[in-house]
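Structures are listed in the sections that come next.
In the two assemblies presented below, subunit A is common to both, partnered first by subunit B and then by subunit C.
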Partner chain A sequence: MFEYTFQWRQAFRALPQMLEGALVTMQISLLSMVLGITIAVLLAVGRNSKSIWLRAPATTWVEVARNTPALFQIYMAHFGLGSFGIYLSPFVALLAGITFNNAGYLCETFRGALRAIPDTQMRAGRSLGMGPAKAFRLIIAPQMFRIAFLPTTNQMVWAILMTSLGVTVGMNTDLTGVTQALNSRTFRTFELFALAGVIYYCIAKAVMLGARLLAWRLFRY
Partner chain B sequence: MIEIENVHKSFGALKVLKGIDLTVAKGEVVSVIGGSGSGKSTLLTCINGLEPIDSGRIKVDGIEVHARGTDINKLRQRIGIVFQQFNAFPHLTVLENVTLAPRKVKGMGRAEAEEIAVKQLNHVGLGDKIKVYPGRLSGGQQQRMAIARALAMSPAYMLFDEVTSALDPQLVGEVLDTLKLLAEGGMTMICVTHEMGFARDVSDRVAYFESGVMAEIGPPEQIFGEAKNEATRKFLSSVR
Partner chain C sequence: MFDTALTAGDLWFMMKGAGVTLAITFFAVVGGTLMGVTFGVIRSHVSPWLTLPLVFVLDIFRSVPLLIQLILANAFQAIAGLQISPFTTSCIVLALYTSAYCTEIVRGAIDAVPPVTRRAARSLGLTWGQDMTQVVFPMALRVGLPSWIGLTLGVMKDSALVMWLGIIELLKSSQIIITRLQEPMLILLIAGAIYFALSFPIARLGGHLERKWQEND
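Here is the complex of A and B:
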């Protein structure tokens, strides 16, 4: 009943190609995090704003990003926008989809962190002669990033795993894309995807470890 | 000189200040006493423009604090304020807490800012703590750091908002000593305080606030000796 013969050699022969794919995976997830964090800070400020014109779009973004599947978001970036004549390459569509998702989740993470910082910190900064933007940058933001650091790391891991959805919009250079292409040529499905799984696992673990080292270095207080 | 003219201020329907007049001359130390909710802390945050006022006028060195054209950030560099809850910046060392504003607001170089900071920190007795994060300090030490942080901007005026109220009793003395030293050095100060002994010993004048009104002001001998106002006498007998 169990007649499958493992052929690991073939999978390992594909390893260099898969590692190249892993590099693309890391590239996309890193970019999506940098963009996501930047947008998330703006969204968090927007959601806390008194102006409805800032609050409404920020809230809409967060609601959609957090309450629809990531796959839907990536589809929309590729096929959805395509219907309006905006054609994003699989790479850009995947990056846009994951960034959209990251920004939505991270916004709420940062907003929670902001709430944990007493208002008196801002007052103390202002009373020393700082403008609101300067006080935010020098006093509020560093504390916010510390509180948000671990949840942000989780989002980073999540972003790495989300890149595998790119295969659905024709992405063929990232780890899953490469694996899928190899699979359709060799049909060593189990071996190839098992190997891909191990690589994903290693990347995620490495990110967690790196984050822990970074936290130890950055947060001395 | 700080000139406060007929200042009114309310939070929603609650009238907190009902026409305050007070002039504080250069080098003068004025203590403000009174029950909680009497508006004394609010007055301080109005003086440095952290709170808007409804009507009246506050002038610092002739510059109107709440006027539209006033560069409030610039004006605040001349008015130091220390709060009840220390407000140490937890992500910065003691030295960085004190050098932050001189460097980033005044644009001072690191070496110069650190020299001033070390001098101020020595002055408040924290010379051996400069590399420590505030989380490692006691309340009294954090509060003295906050004083050094305000002084590092070399303000012309210092406002103290119940700076000993959040401290353990045995730590109150060290902070009050710092304030005394400052007063003896000729700093112009307005101290909102519940420390009656301090108010009597250090102040040139003591003001008694009751429900948004300055009920009485005079030299400490008058306020603590023969207060003219019935409410003042009542308050003082209740706190002693």
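Here is the complex of A and C:
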């Protein structure tokens, strides 16, 4: 059955390169989360607004992001925009695709959190003389982020896992991209990707652990 | 701008790709749900220390990118000389991936049934099996079904990744047509519309069930 000798040494020799790739992976997922959260807050406010001109685009964004594959969204950014003469590099296309996806999912998370905050909070803020924007920023937003904190960290882990899709549009600097580039040179597919899998696992666990510690520190009261 | 070289044959090719997507999703969800229900029942009944290995293994499927799982499984079956087709490999990997999420859904749903209800059932003389099928199952179903629908849709969307193993599913078939016609936007929009048409009604059904069933609580 097994007529194959595993060559782990070759994989371990590639470890420094792969760790550099892991840094790029972290960079993309962090950027996509920061952008995604910003857009998601705007989308959540838009979806709750009374004006159809705000509600319709926000709803469309969320439904498309949630009902099509992430890979399709990345393809759209990389190949689709080519029809309009816009050519994005794999890095930007990957970032755009994941940000689009993150914003859609996080919007629903934030909307759920907004629903959990009593209306009276907003009314109390307004009756203290705050404008709507100020009351949202100082009273609603902190409570919203607190409720949405754990789902948001889950989304962060998904964002990290999603960055592996970049290799399908020719990304060769992130962890999967580096591994695939090494793979096409050495053909040690199993060893290299097993190592990459271990690195992804460690990153995901580290993020979860970090989030738990942060939650424990932030929400102690 | 509205001229296109897209023919009915190309559309049919994409439809066949969508059929492959649905077939993979079907096998993965059926296999994954069977495994997930088994593991979920075990997890909610056996002490946490004994199920630690199971939890650890299932957690790996959720913490490693699906693409890497697929590549690893395919490389492994080549190394071991198992002669499994890429289609079967992807179904197995996706089924395991589904089971990892399904286990958590099942466990959460079973734990949501109050222990006193189950004790009441047992004290009425129901056996463990009767308690599980006639008391726990109907109550847990209401809690778990909306998340399970979400999981099924997630697996359908994630199944796009099997193209890496050379399977011509919906997204791969549209990519093949794009390479020939060079009209990426139009063809991707069609592929996206197909995904949306498959996913959106079921997602709405899940949301509807969730709202409807919460009224009685």
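Criterion: the second predicted complex is superposed on the first by the 221 of 221 C-alpha atoms of A that agree within 3 Å, B and C clash if a C-alpha of one lies under 4 Å from a C-alpha of the other, contacts with A are read in each partner's own complex, and residues count from 1 in each chain.
Note that in this section a residue touches a chain if its C-beta (ideal position, glycine included) is under 8 Å from a C-beta of that chain, and two chains touch if they have at least 3 such contacts.
Just so it is clear, the structure is predicted and the values come from calculations on it, not from any experiment.
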item	value
First, second, both or neither for A:Y4, with subunit B first and subunit C second	second
Contacts of A:P142 with subunit B and subunit C, given as first, second, both or neither	first
First, second, both or neither for A:K134, with subunit B first and subunit C second	first
A:R123 touches, of subunit B and subunit C: first, second, both or neither?	first
Greater residue coverage of subunit A in the superposed arrangement, subunit B or subunit C	C
Intersection of subunit A interface sets (partners subunit B, subunit C)	none
Subunit A-facing residues of subunit C, complex	60, 63-69, 71-72, 75-76, 79-81, 153, 157-158, 160-161, 163-164, 171, 175, 178, 183-186, 188-189, 191-192, 195-196, 199-200, 203
Interfacial residue positions of subunit A with respect to subunit C in the complex	1-4, 63-64, 66-72, 75-76, 79-84, 157, 161-162, 164-165, 167-168, 176, 189-190, 193-194, 196-197, 200-201, 204-205
Touch list for subunit B against partner subunit A, complex	48, 50, 73-74, 76-77, 79-81, 83, 85, 87, 89-91, 100-101, 104-106, 133-135, 149-150, 153
Parts of subunit A lying in touch with subunit B, wherever the complex brings them together	118, 120-121, 123-124, 126-131, 134, 138-139, 142-143, 146, 219-221
